[in-house]
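Working notes, structure below.
We just call them A, B, C and D in the order they show up, numbering each chain from 1.
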Amino acid sequence: MDKIKKKLFFNMLRIRNIEQAISDNYKFQKMRCPVHLSVGQEAPAVGIMQNLKKEDKIVTAHRSHAHYLAKGGNLNSMIAELHGKSSGCAKGKGGSMHLIDLKAGVSAAVPIVGSTIPIGVGLSWNIKLKKKKNVVVIFFGDGATEEGVFQESLDFASLHSLPVLFVCENNHFSVYSPLSNRQAKKRDIIKIAKAVGISGTKIHGNDVLNIYKKSKKIISDIKQDPKPHVLLLDTFRHLEHCGPNNDNHLNYRSDDYIKKWLDNCPIKTFKKKLLKNKVLNILELKNYENKISHEIKLAFKYARNSKFPKKKFLLKNIYA
Amino acid sequence: MLKKRIITFADAINEALSQSMQKDKNVIIMGLGVDDPGGVFGTTKDLIKKFPKDRVFDMPTSENAFTGFAIGLAISGKKPVISHQRVEFSLLSMEQIINQASKWFYMSGGQAPVPMVIRLIIGRGWGQGPQHSQSLEVLFSHIPGLKVVCPSTPFEAKGMLIESIKDKNPVIFFEHRWLHLTKGFVPKKMYSIPLNGPRLMKKGSDITIISFSYMLIECLTVCKILSDNNVKAEVMNISVLNPLSIKKIINSVKKTKRVLIVDNGWKNYGIGSEIFARLFENFTKTKITCERMGIADSPIPSTISLSKHSYPTKFTIIKKIEKILKKKLIIKQKYISKIPSDQPDKSFLGPF
Amino acid sequence: MDKIKKKLFFNMLRIRNIEQAISDNYKFQKMRCPVHLSVGQEAPAVGIMQNLKKEDKIVTAHRSHAHYLAKGGNLNSMIAELHGKSSGCAKGKGGSMHLIDLKAGVSAAVPIVGSTIPIGVGLSWNIKLKKKKNVVVIFFGDGATEEGVFQESLDFASLHSLPVLFVCENNHFSVYSPLSNRQAKKRDIIKIAKAVGISGTKIHGNDVLNIYKKSKKIISDIKQDPKPHVLLLDTFRHLEHCGPNNDNHLNYRSDDYIKKWLDNCPIKTFKKKLLKNKVLNILELKNYENKISHEIKLAFKYARNSKFPKKKFLLKNIYA
Amino acid sequence: MLKKRIITFADAINEALSQSMQKDKNVIIMGLGVDDPGGVFGTTKDLIKKFPKDRVFDMPTSENAFTGFAIGLAISGKKPVISHQRVEFSLLSMEQIINQASKWFYMSGGQAPVPMVIRLIIGRGWGQGPQHSQSLEVLFSHIPGLKVVCPSTPFEAKGMLIESIKDKNPVIFFEHRWLHLTKGFVPKKMYSIPLNGPRLMKKGSDITIISFSYMLIECLTVCKILSDNNVKAEVMNISVLNPLSIKKIINSVKKTKRVLIVDNGWKNYGIGSEIFARLFENFTKTKITCERMGIADSPIPSTISLSKHSYPTKFTIIKKIEKILKKKLIIKQKYISKIPSDQPDKSFLGPF
């Protein structure tokens, strides 16, 4: 178990530091695309993905870096993609909002809110048709649950008992809009799922260990006996909705609220616990940081040294 | 003596689906009512009897989501064929079609093709009214990454559907409701027609008539009237609206110098507009005469007394041709149909 | 109360006989548009509408005749509309699927499944904005609840506490498709409503008196204190989905099932009760039939004698 | 001395909204983030401070439903103005827009108008990529019953938005993201510009350049280059795409006999196609030279190295004009911008 705890910690730290590096380097204007950073929301990705095989697939949305990385998406290709290079995971055509790594099982990320939900259901339907023992995990935010296609997708997954895990990362905001602007107080995603015959689980979204444990059971159940499940995870985004900075000065989230959540940072709290329980020591931590920092340096170097796609690629790949 | 095999357009579609399913076990049929006694105007009839249940799927009325499901199937190796009994229902799924399906291969840097077919049925007649008789081909044809196919004959219907299913791209496959009832020669064996552009339907030298889908059938009747008048019309069928290939049309017009485009949809910002533009881009030196027609630019009303003026007819087409040829044409009595304008033939009595 | 019972009965009978007349006359090919007859489903329309004022509004879908008539929509204009005449309620431009009578509060009917649900919510939103004491009733079928827009509409009505009554007439079929093809067994519309904070009530859809009574309370509550409510009514359509005939020979509904529901015909059962309890006698019944038959005769005559719109109207009313 | 009041396009929109709300209490603003600190790129900023809460509504991400809500409001007397921060999001609501809003007045037999405005913002630059930079004007312009408006200057933005809100019909109001940042003269008082067609932007006699939305701005720069070369270009702004009025354009072309259409969207089945067709329908006797340009017919990639080839630029436009005029043109150094092609100006650094 300690090994897994360390791994969970390492994976979260790695994502955090990569995102931080993107944030730090954004000002050099080499990553010329919108970025929706995952800082603060590392736990769901890391906790759940620990239970997935390569053959299991995920789809995600605009805030996809953590999912891509936790699922094993290639770091070099991701950073190159953000740089618009032909060595990028989408050959530069997609940018940050279209990460993909088919080998790693990252089937898709797209920035239209809710759009990959039915596509993920389609993927899981095919798993069922092929009678494979895999699962599809669909990541989306609280805002995405307001799209009708979310409900349509739940309905169908329930009707056909599909092997799919719906993961809602509720960071309580859609851009600057609080939940109270968008959803009735009594609205409850777990109940919405139950009303169409899908069971659901709510777990704290910053508690990586618990996410790991609970989702382990859920995922193994789904693989055993295909049927959908909804996971609801409350969490908090540290930075602005889109872009490299912090936007706390805009006051759409109260200082108290921000403080409460920053104190509850998934990495900070887990680190404290691991150090306290001697699962991890300072030296190991230092090693982690170094290892990650080295990997990041190489990735940025790879991206910088890669070539831009040539003009002729503009009109390539329109049709297969 | 060999007798040619004559079947309906709807049966030709059915046969294309059936043979494609037989040949490739990844082909899956999905849509509202594909397994029901109506079988999407007969086009999916009995497929549920011939194939296992997990290849013919009735769908809930969740058009947006099930287009997404189909994309998910397609990018993971299946070949879904989805259908909407009216093109209007697909408007619920435009996000999935335009943002996702059409761009998926491109935006994945060429990694993930989306081999799927979306069958869109255009309604007409018997008072279908504003929300059940739009054409809307241009909404799809404008989008790079989509192929848009509009067969006009049973022969084309089968061959082009088989090809569309084989194709690795999202193909929008338009079927006009009134074509479903038409009959024609269709070989029994599996064959396919490449999705590569206009087809010559009738050779001629006096005028080139360009059309597609149901309107092409009207144009072919018009040709007979023209024949009686000693006018030799060449008829080109633009059965593939996107990607649009114009070469054969150019060659025809080089010969005739006169063109009539009869659009199957609204005239304004229509399919005809693009063809018109392409023609004049190509004929900068030679003078050509070109006219276009299309559905009157209003919602299509339910009442027959108005809808009969919505669509181009043999008579209005002839009138346009008279203008182009600067010549009076005679229409024989036999072409003056006694069937009301909201029925393609006597058998068609609605109710939908 | 007896007066109301009689009225409920009369209104159902009137609708039934009008629909029957449409069915009988369809073969003459003068009503040249698709028709989705309400035969068998008269009770929800009649029971609920008895509690509405003219200023209350309704929207409905393809199967709208009962709603239109029960709300007080003009019969002559409806029959004329089916005949494509310029005296029709939509000047012949709409046909059976686009009934409208603004004076009577029939705001709209359209044949795209689910589409009037958000439009009805918009109407009710405006009632709230204007601080009026009215309600909007939205009629739709079991199929329509599969459209994402249904969920989106519930969500919003709940969020803003809108004075709207959602009425689902569950006739268990969407065209020929049984519920089992489309919805998970455990799916429950009342629970779906509750999950977003809306209360709901299930009543037998053929019991006009109970529908009347329950909806009376619900509607008066909504008017008092605006908030949405969902009413679920199980019922049965006697004729084919679209068109004038019976389609039982197609066997998509079992003989037993059909028999059970025909025995439970809302008019037959209510008539029996009223006669038994002496609320109604045979003579009155005869009078009802005569009165209705006379009205129908006049309506068809009106329609036949009306003029078709002139050609120039094709291009009129595209823009206001 | 009177100094002209110069404000940004975004502020002009804001002012139009504010003054319209002031004047008519039925005007209601709704859309994602209309009340947030960003205020839809500044266009709705502070409205929430000036007007009661029940006139400025943040929306859930339920684009399809809230378009329907707006229709419900509109047919019962309100005048909703809804916005989508990217035109792509409106694809979720095509059913409501095309089947319902556009036809409601017609299919009610002229009883129920739908006075609403749908603001659609076109994205561009900073790697927005395939799903955040489409134009799609033709999808709406093809539909009878919709008005489609594309202002290019702050002056137009204010006047046409005020007029669109007053209009009794559903108006699709396109705003190009890059225009939001542009500045120009805008009177403080409330004024409106009728939605009746092309506006002459610059008089000239050698060539007619036709464009709209952001591309028009490029064309106006091109005019300066042409001026240096002693070419007098006339620039026509088709600020109303539907209903399309062509008369002023015809008159211009009568004079110049040479035309370049620079489409703001994809070229294929584009806005330019219809204009091209209309021109040749009108010039059957006189010979005219006509060319068109538009966005390259592919999804628009994220990387700057490719997206820079997607759009027409000053240079490619000049090249086309050289072809039309059969004359070499000189581009002065000062027009050769050092700003990368994915930024309209140095201040624009994304992230969206």
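Rule of thumb we're sticking to: a contact is a pair of C-beta atoms (placed from the backbone, for glycine too) under 8 Å apart; a residue touches a chain by one contact, two chains touch by 3 or more.
If you're wondering where the values come from, they're calculated on a predicted model, not measured in any experiment.
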**OP:** Among A-B, A-D or B-C, find the interface that matches C-D: by residue number, over half of the contact pairs should be common to both.
**Re:** A-B
Original post:
chain A to chain C: how many Å between their CA centres?
Top reply: 46
**OP:** Could you please state the distance in Å, as a whole number, between where the Cα atoms of chain A are centred and where those of chain B are centred?
**Re:** 42
Original post:
When the centre of a chain is set as the mean of its C-alpha atoms, what distance in Å lies between chain A and chain D?
Top reply: 36
Original post:
Which residues does chain C have that touch at least 2 chains other than itself?
Top reply: 88, 90, 92-94, 98, 110, 112, 146-149, 152, 155, 159, 182-183, 318
Subject >> Touching two or more other chains - residues of chain D >> reply: 60, 62, 64-65, 88, 92, 95, 99, 106-107, 129-131, 144-145, 297-299, 301
**OP:** Specify the contact topology among the chains shown, as one of line, ring, star, complete or other.
**Re:** complete
**OP:** Sort out for me which residues of chain B touch chain C in the complex.
**Re:** 32-33, 35-38, 58-65, 88-89, 92, 126-132, 296-299, 301-306, 309-310, 340, 342, 349-352
Original post:
Of all residues in chain B, which touch chain A in the complex?
Top reply: 28, 54, 60, 62, 64-78, 95-96, 99-100, 104-115, 144-145, 147, 168-169, 243
Original post:
Can you name the residues of chain A that touch chain C in the complex?
Top reply: 146-152, 155, 158-159, 182-188, 191-192, 194-197
**OP:** Spell out the residues on chain A that touch chain B in their complex, using ranges where they run on.
**Re:** 57, 88-94, 98, 100, 102, 107-108, 110, 112, 115-126, 129, 148-149, 152-153, 155-156, 159, 316-320
**OP:** Would you tell me which residues of chain C are touching chain B in their complex?
**Re:** 26, 29, 32-35, 84-85, 88, 90, 92-98, 110-114, 143-144, 146-148, 174-177, 181-183, 242-244, 250-252, 308-311, 313-315, 318
